[in-house]
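Letters A, B, C and D name the chains as they come in the text, with residue numbers starting at 1 for each one.
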Amino acid sequence: MTTSFHGIVPPIVTPLTAEGEVDLPSLERLTRHLVDAGVHGIFVLGSTGEVAYLTDAQRELVVRTVATAVGGRVPVMAGVIDLTTARVAEQVRAVVAAGADAVVATAPIYAINDTAEIEQHFRAVAAASEVPVLAYDIPVRVKTKLPADLLVKLGSEGVLAGVKDSSGDDVGFRRLVAANAAAGSPLALFTGHEVVVDGMLLLGADGVVPGLGNVDAAGYVRLWDLARAGDWAGARAEQDRLARLFEIVFQAAGRSGDAAGVGSFKVAIQRQGLIDTATMAFPVQALDGEVAERIESIVRDAGLLPVAAR
Amino acid sequence: MTTSFHGIVPPIVTPLTAEGEVDLPSLERLTRHLVDAGVHGIFVLGSTGEVAYLTDAQRELVVRTVATAVGGRVPVMAGVIDLTTARVAEQVRAVVAAGADAVVATAPIYAINDTAEIEQHFRAVAAASEVPVLAYDIPVRVKTKLPADLLVKLGSEGVLAGVKDSSGDDVGFRRLVAANAAAGSPLALFTGHEVVVDGMLLLGADGVVPGLGNVDAAGYVRLWDLARAGDWAGARAEQDRLARLFEIVFQAAGRSGDAAGVGSFKVAIQRQGLIDTATMAFPVQALDGEVAERIESIVRDAGLLPVAAR
Amino acid sequence: MTTSFHGIVPPIVTPLTAEGEVDLPSLERLTRHLVDAGVHGIFVLGSTGEVAYLTDAQRELVVRTVATAVGGRVPVMAGVIDLTTARVAEQVRAVVAAGADAVVATAPIYAINDTAEIEQHFRAVAAASEVPVLAYDIPVRVKTKLPADLLVKLGSEGVLAGVKDSSGDDVGFRRLVAANAAAGSPLALFTGHEVVVDGMLLLGADGVVPGLGNVDAAGYVRLWDLARAGDWAGARAEQDRLARLFEIVFQAAGRSGDAAGVGSFKVAIQRQGLIDTATMAFPVQALDGEVAERIESIVRDAGLLPVAAR
Amino acid sequence: MTTSFHGIVPPIVTPLTAEGEVDLPSLERLTRHLVDAGVHGIFVLGSTGEVAYLTDAQRELVVRTVATAVGGRVPVMAGVIDLTTARVAEQVRAVVAAGADAVVATAPIYAINDTAEIEQHFRAVAAASEVPVLAYDIPVRVKTKLPADLLVKLGSEGVLAGVKDSSGDDVGFRRLVAANAAAGSPLALFTGHEVVVDGMLLLGADGVVPGLGNVDAAGYVRLWDLARAGDWAGARAEQDRLARLFEIVFQAAGRSGDAAGVGSFKVAIQRQGLIDTATMAFPVQALDGEVAERIESIVRDAGLLPVAAR
């Protein structure tokens, strides 16, 4: 295992059985598939992992299963999404005990806090953690945009080891990259936006947490390698292909954000045989019917399914 | 105890010791004070009760302490704020075991769901509950505005017993009142907006959950009685007085919503001797200094503090 | 003409011919109908009057036609919606020349200004106006919520004569009412929310600008008279009836806000014979077909159409 | 003049005299400076040009002055920001008469329209225009995000010639680039976000409309040339330098968006001697004092001011 966080770190989906329990064989299979594809880490219990829908027992099972399947080949980061600092600290203890190499924490949710309060929250979470803590910036769910100044300050003091930016604010992300570089790069900076990875790597992102990486991990690894090699035209071409694949998330018009997004990833990887069902956590219904057919068709066009299988 | 939900139901604050633990004597004292003032119910573990900051153990303690202090004189409703349906159901079991007469549940938080998914969530929460379930509509924290159609449908089917509306959308509230009346009034409808209570009672609200009721419960009970008696001019005069008192929440300019709002309530009732400290839950700092002085001055002007005490 | 602004002041729709020109005979007829129904003023060129879609020539025609038809029986307020202070000042001169007794101005639109800049804007508009200026608070269109402090300050200095509040923030409106009263009531305060008029009058609104007043002016006048007489139960009953009528704006699901709202008013008054067509300003298509039938049915249920006519 | 729109197209500021009139000599000087620096077009009357604050007479003066100073060396695009389709069409006629080679139009402002209505608006504006029409996507001012599907459809039909994207939604921008490419690239696609230009050019943007290009046009031209040459590492280095310069817009904390943004550009170019004053349009006050000193210092650090001048 390395403590250096970088590269392609898919936020792994949580495969479920038809009854809604964690499907351990599918989770193991998907984990091995991702690691074999060359990813540089696995992020469990993120929004794509349906963390908000899982019980503590299910969360523990997910981390343990993935950590075991990974076997130390790459770092396992675990989301510790919960209400209140004390509960987040408890999640930290649980996921570390289950094998996580790092944790990813948001600002407080439900509560309405200011920057000073959020800073104290992160300090307390870090104090409770034996492993590195990354901040998870996802205003669409948490309502708060984490300020770049705060993040870099906490990075410089060793409180935070990195940031997963899912804010959709790429201007803000560049400002964060610049401020981090000016401070000696204490933070590992990940973007969560899977269709602008070429540009984000060009401007200095340390890595990516692409939900779509569940569907085409090898593509993202190629994109990473091309960027590392300075072949930006090649990187862009690979990104363009992945951007076409990303259209799967726009097929379920009228469904909820979680159903359309995570739901499309699950259909796409189920059709590839990587997981057994596309079941979503209660109360979300899996995508099926014509929508699922359209998703399969896009996946096929991306070269991820055998032509004969249709 | 009555199962009929109506009237003034303050969302009781959670008094804390200087160390941040639940201050049980203060909580008992405040509870008895509210019941003695004539309130028609107590809402524990709401946003004003800092529910988002409390551990499960603290939550259990709060419900048990308030239920015991109330002694069945009025119903105790308990917030069951948590991530995911399964966890909310677990909160339901815990607060009912601790003595709650009803539970108050939000739509899923952090998750991004649509109306159909939210409906299934409430159905599952209700199925897991032995006591009546009220829906808590608070988009500023949950991001979702609950549709009136869904609420009335779930009321008519016996899934929901009422709604606590903290949406700030009074046009929507009137539409809800009208739709509920047309359906035979299956829902008890509470507004959470403490400065428009006269108007909301006039248009048909069944009750109020006023955070400011912690500070002046007797005033809200008078307002309720005047409205019940059809003395709307008197009701408005009382509401005007309470609206002036509500200015305490605007004193801490620049502080977070929770610090300025709940924090001002805590200062105001601490100065009245009803609780021992104005301590806020970590990571929120209590209001103090000049801000606390201004709050005290407003409380005094409202006739809630002896002049000589200054 | 009176300079005292109060009571029921419908934001009159702008009837259009099938070709999209201002339909002067219909506009005269509707104006006389409203004044005969007992309204206390007419607000021309508001959002309901489709001001944003009209040319300067059309605006001038609207004001002149309404002012002439009113004949000084009640005041005519005119919206002066435009980009930039200088243009708004030009609109002021034009509508006053055309017969307006007062003007209604928003904060700058498109521009991104702060409170100090907005204050200077209103001061300059007032300096350019021979007639009283009311502020129009409509954040859904202008993006800015006007602060109560600023409004009362400008009222006290004689810059503003009143406020039309279409912000949907009734807590804010009560704070404004209270601050205005504390300052000696320099401002005439109007709410734009037609389904909470009983409550808003109870808490101290000076008047209402109800779009639905185009459809049932007599109902709003009755509501006003009942409230003035202190018959709040009667006021509420009338408001309940009007709230049922307001359901017409929710019939055109999936259409734009302007099409569904103003469009439903136009259908409802066209079916009453008050205007000739329900034509909307380009590029908005009039409501028709099944949607228009549902609107007519609601209007009929409200007693505003003869039963035999169906 | 070329009708091919691409490259670096600064949205030129509108220099004003101390009295608030358009400063023609400064405008000419700045225009020539930009063209001499190698920009590929000039965008007049954009948000950065304070279009929302200018009268029609001032707008005409600006277009005529810039068009004359440019002398056909590069295309001049002109914003036609106004209420209602008919007024926008009138703006089109005015700016074309004054010398504009293309116009840039937003969706309707103030009005609340849906996609079908916005489509008709653009069709009508294009029908009224002798020159190419570009769509201006700036939701922070117009409230509407233009859908990629609509834009590409209107491009394919020859209604629109391009898009200026100031939406801040870079994921959406990539989807637009991809959809445009799939349709045969009918649209010229410009990003308005000056600190992610390297990434946006990499992913396929046809050009940039950088407000900061007023301050360092040569830098953006270098960035463009490096990107065209495939020297992405060089492009990134240049972008990093420009991103540091962009910090000037964050110096006026607490001021309005227009004051802080456009105001900082004006200070930066006034200090370079390109315009005579940093005066902002009424009611915005120019930045000065310590804020202006910090801006000058950043400009100096970027190598845009002589060291000795301090």
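Quick note on the criterion: a contact is a pair of C-beta atoms (placed from the backbone, for glycine too) under 8 Å apart; a residue touches a chain by one contact, two chains touch by 3 or more.
Here the structure is a predicted model, which is why all the values come from computation and not from measurement.
Using CA-based centroids throughout, the chain positioned farthest away from chain C is A. Chain centres here are Cα means. That of chain A falls 49 Å from that of chain C.
Chain D has its Cα centroid 35 Å from the Cα centroid of chain A. Shown for chain C are the residues in touch with two or more other chains, of which there are none.
Interface note: chains touch in the pairs A-B, A-D, B-C, C-D.
Taken in their complex, chain B has these residues touching chain A: 47, 52-55, 81-87, 90, 108-114, 116-121, 124, 140-143, 255-259, 281-285.
On chain B, the positions that touch chain C within their shared complex are 168-171, 174-175, 178, 193, 195-196, 198-200, 202-204, 230, 232-233, 235-236, 239-240, 243-244.
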